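What follows is a pair of complexes built around chain A, which joins chain B in one and chain C in the other.
Then we have the complex of A and B:
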């Protein structure tokens, strides 16, 4: 009898511990930073992100400390100046020595590129489009999501979230499993299918480290320029046109937040809950 | 017990030699791929996983299918499976080795593979897949080998091995569940983003694995004088039949959800796989013949196994039915599921994939390695059975 009771208590105790511990473990496993932000992303695009917390949002969702770099792309400015987009892509290619495999080939490596509105925003309304979105090309790149699916998928932490909100990529740890490429809902990741050094752009930038065959790469918001206090290469390429605004989304007084407050912006595939840090003024 | 694999008739050696030739060709093709890069395959920016990962996915199922022998025998004490349970365990070993080879073949930096252990990452499903696959491989090697050794000595297997046998049952379920989770947890890939993927994987696994075992058992009866027994085969066919029908049911449900809800994202891939997807005036339909072959072989296989005459009275039709089902499930999961999931790409462009010759030869090489290992293991198992009988 006594023995039975003791066994029962043992089992009960262990199950209670497991029950208490499980939510914490599950939380860690899904690396959920989502929490309260889930409602903010919604289906209405990133517009809400920029607004001051309303009464029906949780109180603690005021301002986050730390840095979260973000980008606003003003497609109107690119429409007004059609060469600007190519200039951005070119600046990025030069800056990061992006291997120049033939355009449209399966081996192509792209960090930032121009695409059609319907390809950039396939989940937004496509019926009876205006002439403007029909003609205009849109710049797309890594969204440096707040909840990046690629970081969740990576089995070696070769892709990770930096302290300033950039989704980084470590060439030297990547095993080339390409799980992140399957996980990215924006097609922002490229793989070095062949030896990259044979097709580097000319001239090459000696300051950017060498990549190797068999690893994944993507936009890093020019993190090495940011530490020097410079803007990302693509943003710098747009000069004073105001076509791209880069800054800290967590700073309510930053220029990017001002722009977000004054304009209606959309994010790519907001319904997926990734919370992209790249916003578009269409 | 390895000495059993070293004695065999001419046919045995010819069979191994044929497999060896393809293994050598596959090995040479891999050296070329290793030195040149994965650009030698048909994979690219948009279809970033190809036949390697799709074979891996299918073979995880074949490995898990072995549990359909282990479970009835050890849990329900279904005696008729006594002679063939070892076939299930050894099939799992061969299939898992193929899985690991396909993963290595697919890595861009294979020498860094151990980074998965150096930097363990519990939020990655690939990390868990590595754990359960290696765990299941280890369990099957232990259980298969210890139990076969005990049988040979004419003693009861040691009690401790049963702990591993019982652990191996949930492990079998877990390997295919975690493999399904590689796909079904990815946002933005609508075809994969379905809660039914794991159960569907298990259903097709519990048909494909046993179907291969029945097929091989019928061959062993002819070439190695090894009779699995009518009762055992009959029971296995029942399991195969139910599992295959459940898989068809699940595929049907995917169609219902896609087409009745009429949500484009849920229909695109099904349309691409079965009917061809039209985009800017061009119809993309490379995989359509494969998927209809899947449908036809599946129906034919189920029919052959369901009709009492073709199942019980005629071994040729029984074997044919199992082979048809095995191939149909391979087309479904080993071709359509993984490759189809990448169409359309995240930017709603359509890029089609076809494997390169080099890639196909590596794939064949891995399959032949698997069958090479399977042949040797089965030779040992059958040899031990014969030894006990004498």
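Then we have the complex of A and C:
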């Protein structure tokens, strides 16, 4: 066969055109088909969106199965009893061998702590505040979000969502990159800048480990207590006061759902779409 | 024929003996392992462990890693084989160290001999001695 430059260029040109044009044609054929589908089903364009629910969907008509642990914090009861908040924080610190670094320093380790109302709920109106929220602090902790940004940020899956809906930390796997701390909108995570052993030579709870330097830690809803049928340490510390109600949010007959049904509650930074599992009665 | 073959072969023999020193020294000196057995403190609380002793000796580290993953990832804390009719939690601090009450006289004895430094104790608490 005679191969000259002219013939080669012809073949090459046609091949290039076919190569570039084919995907466009294939796309067109497919989208044409899909368009026809939508048309055939009565223009139900929202069909796909309904399959993959958006996260901040306010109206969950059907009940979800499984467990999603949640917490209701009744700030009225904490206002009435100012020592109760400190008591909860102390109970948590003792339970989890949390080293006490100076308050406000970057070394501070916080699982549950007291903060000002305006810091806990910056999205809510701060004008003409009432006496109660101005004078009292709010108990805050990890929200164990239904859609946790920290879990998405973690490169090693050291933080993950357990089947109980708890946002868990696997300290063994944490590499200390602190992406989760940057991702968490609630500042619920603390980093061990210093070796905790140096501050806590005598651990308060011999059944719980300490952490090591370079690991991120946070509230775990006392998952080790839950399996033994006990309440989280902070909830147990409130005793019978009813200041904290812990339970399964997915169970419509649980006490926590009853409390949520009877009271007006707010979540922290709801507009972010993380769906916190911690609710506040203000 | 090698020049000075006598000296060369003797030198080689000495050299080979020298570099294999750690192997034959340890081979003939079995007192190290005997010493370990003496130092090792066996638990008095229970006669039975979660697995036979030989298996525990060989692969307790694998078992601990398996427990860690099952407890944390699957939320499965209950040990599924009863030991002397009792179920235990899969826990280093709450189960293992309740029988083996001395880290120094149990874990450390072999770990030091084998020159391994597991990072368990960076966070987990050894029983107070």
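In the analysis below, the second predicted complex is superposed on the first by the 218 of 282 C-alpha atoms of A that agree within 3 Å, B and C clash if a C-alpha of one lies under 4 Å from a C-alpha of the other, contacts with A are read in each partner's own complex, and residues count from 1 in each chain.
Simple rule for what comes next: contacts are C-beta pairs under 8 Å (C-beta built on N, C-alpha and C of every residue); 3 or more make two chains touch, one makes a residue touch a chain.
Just so we're clear, the structure is a prediction, and the values are computed from it rather than from any experiment.
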Original post:
In the superposed arrangement, does A:135 touch chain B (first), chain C (second), both or neither?
Top reply: neither
Original post:
Touch check for A:162: first (chain B), second (chain C), both, or neither?
Top reply: second
**OP:** Considering only touches as defined above, state whether A:230 meets chain B (first), chain C (second), both or neither.
**Re:** neither
Original post:
Touch check for A:170: first (chain B), second (chain C), both, or neither?
Top reply: second
**OP:** Examine A:272 and indicate which partner it touches, taking first as chain B and second as chain C; both and neither are also allowed.
**Re:** first
Original post:
A:207 contacts which: chain B (first), chain C (second), both, neither?
Top reply: second
Original post:
Does chain C touch more residues of chain A than chain B does, or is it the other way round?
Top reply: B
**OP:** Considering only touches as defined above, state whether A:262 meets chain B (first), chain C (second), both or neither.
**Re:** neither
Original post:
After superposition on the shared chain, which partner residues are touched by A:86: those of chain B (first), chain C (second), both, or neither?
Top reply: neither
Subject >> On chain A, the residue positions that both chain B and chain C contact, one per complex >> reply: 212
**OP:** Write out the stretch or stretches of chain A touching chain B in their complex.
**Re:** 28-31, 105-110, 115, 118-120, 122, 140, 149, 152-158, 173-179, 181-187, 190-195, 212-216, 269, 272-274
Subject >> In the complex, chain B residues that touch chain A >> reply: 36-39, 41-49, 103, 106-110, 112-113, 115-116, 118-119, 121-127, 130, 182-183, 186-189, 342, 345-349, 351
Original post:
Any idea which chain C residues touch chain A in the complex?
Top reply: 68, 72-75, 77, 93-94, 119, 122-125, 127-128
Subject >> Interface residues, chain A side, partner chain C - complex >> reply: 97, 160, 162-164, 168, 170-172, 203, 206-212, 223-224, 227
